[in-house]
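Chain lettering (A, B, C, D and E) follows the sequence in which the chains are written, and residue indices restart at 1 in each chain.
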Amino acid sequence: MKKLLKKHSARSGLPPGTLLHTGQQKVAQPIITAIDYNSDHLEEKQILDIAQCADLKKKNTITWINIDGLHDTKLIEQIGQIFNIHPLTLEDIVSVDQRPKFEAFDENYIFVALNMLTFNNTDKTIDCEQVSLILGENFVLSFQEKPGDVFENIRQRIRQTKGRIRKMNADYLAYTLIDAIVDNYFLILENFGEIIESLEDELITDPTEKTFRKIHSIKREMILIRKSIWPLREVINGFKKSESKNISQATEAYFSDVYDHTIQIIDTIESFRDMVSGMIDLYLSSLSNKMNAVMKVLTIIATIFIPLGFFAGVYGMNFDHMPELHCKWAYPFGFWIAIIIIVAAMLYFFKRKKWL
Amino acid sequence: MKKLLKKHSARSGLPPGTLLHTGQQKVAQPIITAIDYNSDHLEEKQILDIAQCADLKKKNTITWINIDGLHDTKLIEQIGQIFNIHPLTLEDIVSVDQRPKFEAFDENYIFVALNMLTFNNTDKTIDCEQVSLILGENFVLSFQEKPGDVFENIRQRIRQTKGRIRKMNADYLAYTLIDAIVDNYFLILENFGEIIESLEDELITDPTEKTFRKIHSIKREMILIRKSIWPLREVINGFKKSESKNISQATEAYFSDVYDHTIQIIDTIESFRDMVSGMIDLYLSSLSNKMNAVMKVLTIIATIFIPLGFFAGVYGMNFDHMPELHCKWAYPFGFWIAIIIIVAAMLYFFKRKKWL
Amino acid sequence: MKKLLKKHSARSGLPPGTLLHTGQQKVAQPIITAIDYNSDHLEEKQILDIAQCADLKKKNTITWINIDGLHDTKLIEQIGQIFNIHPLTLEDIVSVDQRPKFEAFDENYIFVALNMLTFNNTDKTIDCEQVSLILGENFVLSFQEKPGDVFENIRQRIRQTKGRIRKMNADYLAYTLIDAIVDNYFLILENFGEIIESLEDELITDPTEKTFRKIHSIKREMILIRKSIWPLREVINGFKKSESKNISQATEAYFSDVYDHTIQIIDTIESFRDMVSGMIDLYLSSLSNKMNAVMKVLTIIATIFIPLGFFAGVYGMNFDHMPELHCKWAYPFGFWIAIIIIVAAMLYFFKRKKWL
Amino acid sequence: MKKLLKKHSARSGLPPGTLLHTGQQKVAQPIITAIDYNSDHLEEKQILDIAQCADLKKKNTITWINIDGLHDTKLIEQIGQIFNIHPLTLEDIVSVDQRPKFEAFDENYIFVALNMLTFNNTDKTIDCEQVSLILGENFVLSFQEKPGDVFENIRQRIRQTKGRIRKMNADYLAYTLIDAIVDNYFLILENFGEIIESLEDELITDPTEKTFRKIHSIKREMILIRKSIWPLREVINGFKKSESKNISQATEAYFSDVYDHTIQIIDTIESFRDMVSGMIDLYLSSLSNKMNAVMKVLTIIATIFIPLGFFAGVYGMNFDHMPELHCKWAYPFGFWIAIIIIVAAMLYFFKRKKWL
Amino acid sequence: MKKLLKKHSARSGLPPGTLLHTGQQKVAQPIITAIDYNSDHLEEKQILDIAQCADLKKKNTITWINIDGLHDTKLIEQIGQIFNIHPLTLEDIVSVDQRPKFEAFDENYIFVALNMLTFNNTDKTIDCEQVSLILGENFVLSFQEKPGDVFENIRQRIRQTKGRIRKMNADYLAYTLIDAIVDNYFLILENFGEIIESLEDELITDPTEKTFRKIHSIKREMILIRKSIWPLREVINGFKKSESKNISQATEAYFSDVYDHTIQIIDTIESFRDMVSGMIDLYLSSLSNKMNAVMKVLTIIATIFIPLGFFAGVYGMNFDHMPELHCKWAYPFGFWIAIIIIVAAMLYFFKRKKWL
């Protein structure tokens, strides 16, 4: 079971702007890669000396620096100094339990925190990794907790000389990164959609306690996903409404597009929630139905045989004077025929009550 | 059971503006038909060469081009070039899992995505087809996934020389198309209304597990319809508030009218949801009532016959000294009269408890 | 059971402004009555020739024309031409499934659609009739589906020379008509209040399945009433905010008053909904309580007599060597005293468990 | 049980501004008391001739006139004429089923209707009395249905020469009256808080059907209180936002204070509702638990003794050839030891299932 | 169990601005400590004579005065006079049942009431202490009910010469105090998160009535916490939107940061509520499942042995003519084989019904 909360409280009492990595260290050494490009130039390299970043920043080209691994807070601080980033932003980058948020700092840069979700197929849960983006005038910084992301396609597109991405500004790069993360949510939701459908089938054909626990755990995951995705609307809206000089007119239509996707994702989550709550009703009613079925069997058997048992008991009594006992045909006819009539009457009664 | 989600995730990682048809191919070849008219001119033809569209666009008359089949993305792209449509709009047209939306592009054209619902009478489900409309200065483009739509009446009206539609602009044509789709929702809702009413009857006369599954599946459909129709309000509101030059004063009252219908539809869906949830309560209580009835029968029978069985058992014992056994009238009077008194007392008790 | 939806879909595919009466014809012939008055003049007559209306309109006096019966769409159209009414408004008048709405048309007239509810005492349901009002500069038109309304008091007040109504303008007349309809809702709600109270009593003294069905049907009616009344707030607000020249300063306070009543009605409906849902909980818990009571009886009887039956069975066995059987006092003392002790112990156990 | 609705419908069909007292007459004769004061003057008297009010109004001092008893509509009308009050306001004063409301009339006076609640300790219900306040330039009128109110402390404070109230204007007097009514709500809520806590205890120690009925009736009272208090927010907000010349800057902070109290009261009501609904869950689960306990006892007894009864029955059969019967140790060892083993095995089984 | 409401009603009828401490006295004597600092000066002392405060206020340095213990209302009043605080604010400080609130008084000072929560680990409940802050031009006053708070880290930071806090204004100090309180909520929520997780485990492995009571009590605590924290959003928003001269540009980013934390806390509480309500469903379904299991055992045993008992009873009857009894192999073969076949058939039937 996934932990509900990362240890935010570890920060308690620290002065604001203190860099404390609240997540687990997931990589031995931070890996920094830089892609520097414009329409007719492309340079891609791993950065070992942080001073190189300053050079890249000065150049007129668009620079995308990606940092995998956030535990080395000293390094983060150095990057912050080079790119002139507010300490509170740096704090948000390393505190990996952020609510998705959009912040425009003094016309200087735009900071966005997002959650990158990965569907863990084995135990049907969601892993959540914080991705922080900083969009400056001609650079984009992306911070991730560990290597492995949904940006590989974007790197490919940059490498191809002809793509639109090579002709656009840094804000378009930021857009494509956000778009990749949001598109990935569709994948997650499709996985959940399939689980929900298979659970619905299970519910109708053979609902067990295990089915219900799966439903419950889906509901739980849904609550957590919803908490992750719901604020996204504001975030993307931040871009649409921002009047920062770093966002050009041309990319506005693109942000509108991501916004629509976000709304669609939120709608889908709400629908899923409604469906899951409907499934809970269905399960509970199936329990009652099963109980009813069990009780009917018991009642039918008991109602038929308990009276019969009584009659058998009566003729097992040892009274001296029980004239019926001595009649020759009493047993084969009197007794058995009475029994058969009683049983038939009962069966007819149950039939009419629709219990059979 | 209808799939919850179309495969949106197939788009993951593609650059924006890439045309990828996310639906199934439902027609062998896209069919393009054009109706070109003004108050005293009417031309209706099937378009085989896409270049003809450019001619129609140049003419001063109102042109309605309808495309059935979206899998040929090359064709869509050509149309986009002729009518000067933004790549993101084209992408929305072919990604057939859109949330209904309204977008005004640069005073140039208005794009609307809607869902055309069809009630499938055999399995009581809803089929959903995306219809995209583009309203330009003197043209309307409509994109559908497959032939067959709710626009046949409109074509008839255009063919009649006298109708109002022949005297109005392209925005009025767009309005009539949207109005036809919205009007069709009433039909869908009436179908659901009838199903709900028949389920209510079933619930009161003879509720079974099958009834509940039908209720559950209605609820499920309702969730999906709601997701389709809810955003409609914003869409139509988009027209009302739009200051695009393509929408004239004269048609504003008409859009207000569709808006009212939309609100009415949404109200009705909400009422249906409330009713369905009331029916679930009713069903669950009927289960409990049935259980109570079953249990009462069992209890009555067991409570009467188990004690009697004990008494019969007592006089079947083989103790040497049981004086009652040797009394002559013990069996016919003593025993049976005691039995009858006990039974009568029990029945009186049950009667007073209102179990009989 | 009341139909959930009137046949709105009959309109599907018709051009807007087509007059199609969607209700049932409830009167053989439309009945038109006119009351023409000012502070010192009063004329009341039935109108047979529609042209008379034009004369009344021209006069400086206030004219109230009431039309009972909407199936004669030709007649409605004529009235529309005389009073210069937009086709869409006429369409709304004859489509009797309107959501309550307020529309101000071009400084010309104000259109209001309302639902007049009548409580049907025999089957405890609500009948709903659409009343449409048109308020022009010096006239009010009211359209009803059938004769019989809540306006009789208003006619009386007009006939009295001294009333305020004779001194005020047409907007005040419109206000009194709306006020009469809204006041009538209080009557409906009081009826429901009484039903709810009597159901609560029934629930506490003797809840049966029938009680629950009544609760369910009240809930259903409440959903439909709510759908009818909820939009009323906007409608009356329309009057308050309208800047139409047809509404004078003097009547504004009166519309505020109706507005307050509307809010009060909506509050009451919401309270009723909450109460009804509380009653459902109460009923379900009473079912469980009943079941518990039934089960306790069964358990007590079975728990006492099944073990006793076993002991009686033991001494009915035919083993050759059962020494107890031959002891003289075994039956009257050994057996019966053991039985009495067992029963007493069980009863004590049940007492302690509070089952008795 | 308290009536859900006062007879508002009695007003149906009356012209607006008609004074009709919709409540019950609770006092034989209206009692009018006046307190006239400023910082160095105080006069307190019972008013028998209504004309005296006019004199008080003319004086420059602050006048508080309190009327207990609203059935004498003639008297109310006279007061209305003296203080120049709109007929609709007078109507609201005597229609004692008002929703709390705030109305500023033409810079002339401010009208406020409030509900004064009293907790009836014997049957744990709430009595609700309408209090109407009119705040004019230098006077406050208060209308109550019957003598007895929460204003006694305020009268005391006025009588003391030194209090702030003697130095402030009429708006401060209005504020203190409203504050007294709102403060009284806290008392009511504390009573409910105590009831809820004692019901929670009862639920945990010994939940019975009676407990649930108490919970249900608390829930019902809560619905009615909520309906009374919820609109209060708007009312007090009305004062805060009002630009009436009758409200001075100095008292604004005081109205903010009452506003905060109102919000706090509403929050508390919402929390109570949540708690009560949690208690309903708790009760229903306790019912299920009880049922489970009952069923376990039945099952254990039946499961142990029914099979044993069968074995006893077998050896009570009269077959000629049953060799076991003739074995000497069959009964004391064979039979009883088998029985003991079976019982022990069953008990072990129940133990493992945690039923014992 | 924690009291739901502090005794606010004790205030009923008192004039506004009366200082009445509504909490319990938790400290013998109020303890006043002052920290006076700027970037190169630091003075920390306990204040015994209240006049010292006036001196501190006059100085140009930043002064933080902390008062532990609110029962001495005379003292509070003196402080109020020194720092020029409105009587209503003083009243709010000593009425310790405040809803969190933000109030800016006349450009003079800002008043904030907050709840400082402490998690009581023994009985898993929350203690709630009101902390009131007053932010003036160069001073911050903090009022607490008793010694012991979450500010110790802040005092440490002030003592260190190098910290940012020494260089900033009084508004930054206010921010750090609020930040400390808000950060502490994360700790509380983590505690609850852990309780919820352990309850979820308990629910899945071994749900008992005790588990449900724990869930219920968590739900109850959650309702109270929510009531405490929900208004916080407005409070912090108050700072962000305030145009008071006491809040500088530089600290705005910091308040944005606390605001984000507040939203995150509220989101988490909402998620917890959803989870807890999911757990209630899970528990109720587990009850039904247990009942089903119990009933199945009973039904299987009864269904097998009651008919068998009847057959044994039949052959225990004493009819003279029962030919079966005299057949030699009737008992060992006829009887037992029939029994075995019946049992086998029943077991097969139960197997197919999935009851075994």
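Convention: a residue touches a chain if its C-beta (ideal position, glycine included) is under 8 Å from a C-beta of that chain, and two chains touch if they have at least 3 such contacts.
Since the model is a prediction, treat every value here as computed from it, not as a measurement.
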Checklist entry - If we look at chain C and chain E, which chains touch each of them? => result D
Checklist entry - Cα superposition of chain D onto chain E: how big is the rotation, rounded to the nearest 5°? => result 70
Checklist entry - Taking each chain's centre as its mean C-alpha position, how far apart are chain B and chain C in Å? => result 26
Checklist outcome for this item: Whole-Å distance, C-alpha centre of chain A to that of chain D, is 42
Item to check | Multi-chain contact residues (two or more partners), chain D | outcome: 284, 288, 291, 295, 298, 302, 306, 309, 313, 316-318, 322
Checklist entry - Which chain A residues qualify as touching chain E in the complex? => result 1, 3-5, 7-9, 11-17, 86, 88, 91-92, 97-99, 101, 103, 105, 206, 209, 212-213, 216, 219-220, 223-224, 226-227, 230-231, 280, 283-284, 287-288, 290-291, 293-295, 297-298, 301-302, 305-306, 308-309, 312-313, 315-318, 322, 324-332, 335
Checklist entry - What part of chain E is in contact with chain A in the complex they form? => result 150, 152-154, 157, 163-165, 175-176, 179-180, 183-184, 186-187, 189-190, 193, 196-197, 200-201, 204, 253-254, 256-257, 260, 263-264, 267-268, 270-272, 274-275, 278, 281-282, 284-286, 288-289, 291-292, 295-296, 298-299, 302-303, 306-307, 309-310, 313-314, 316-322, 353-355
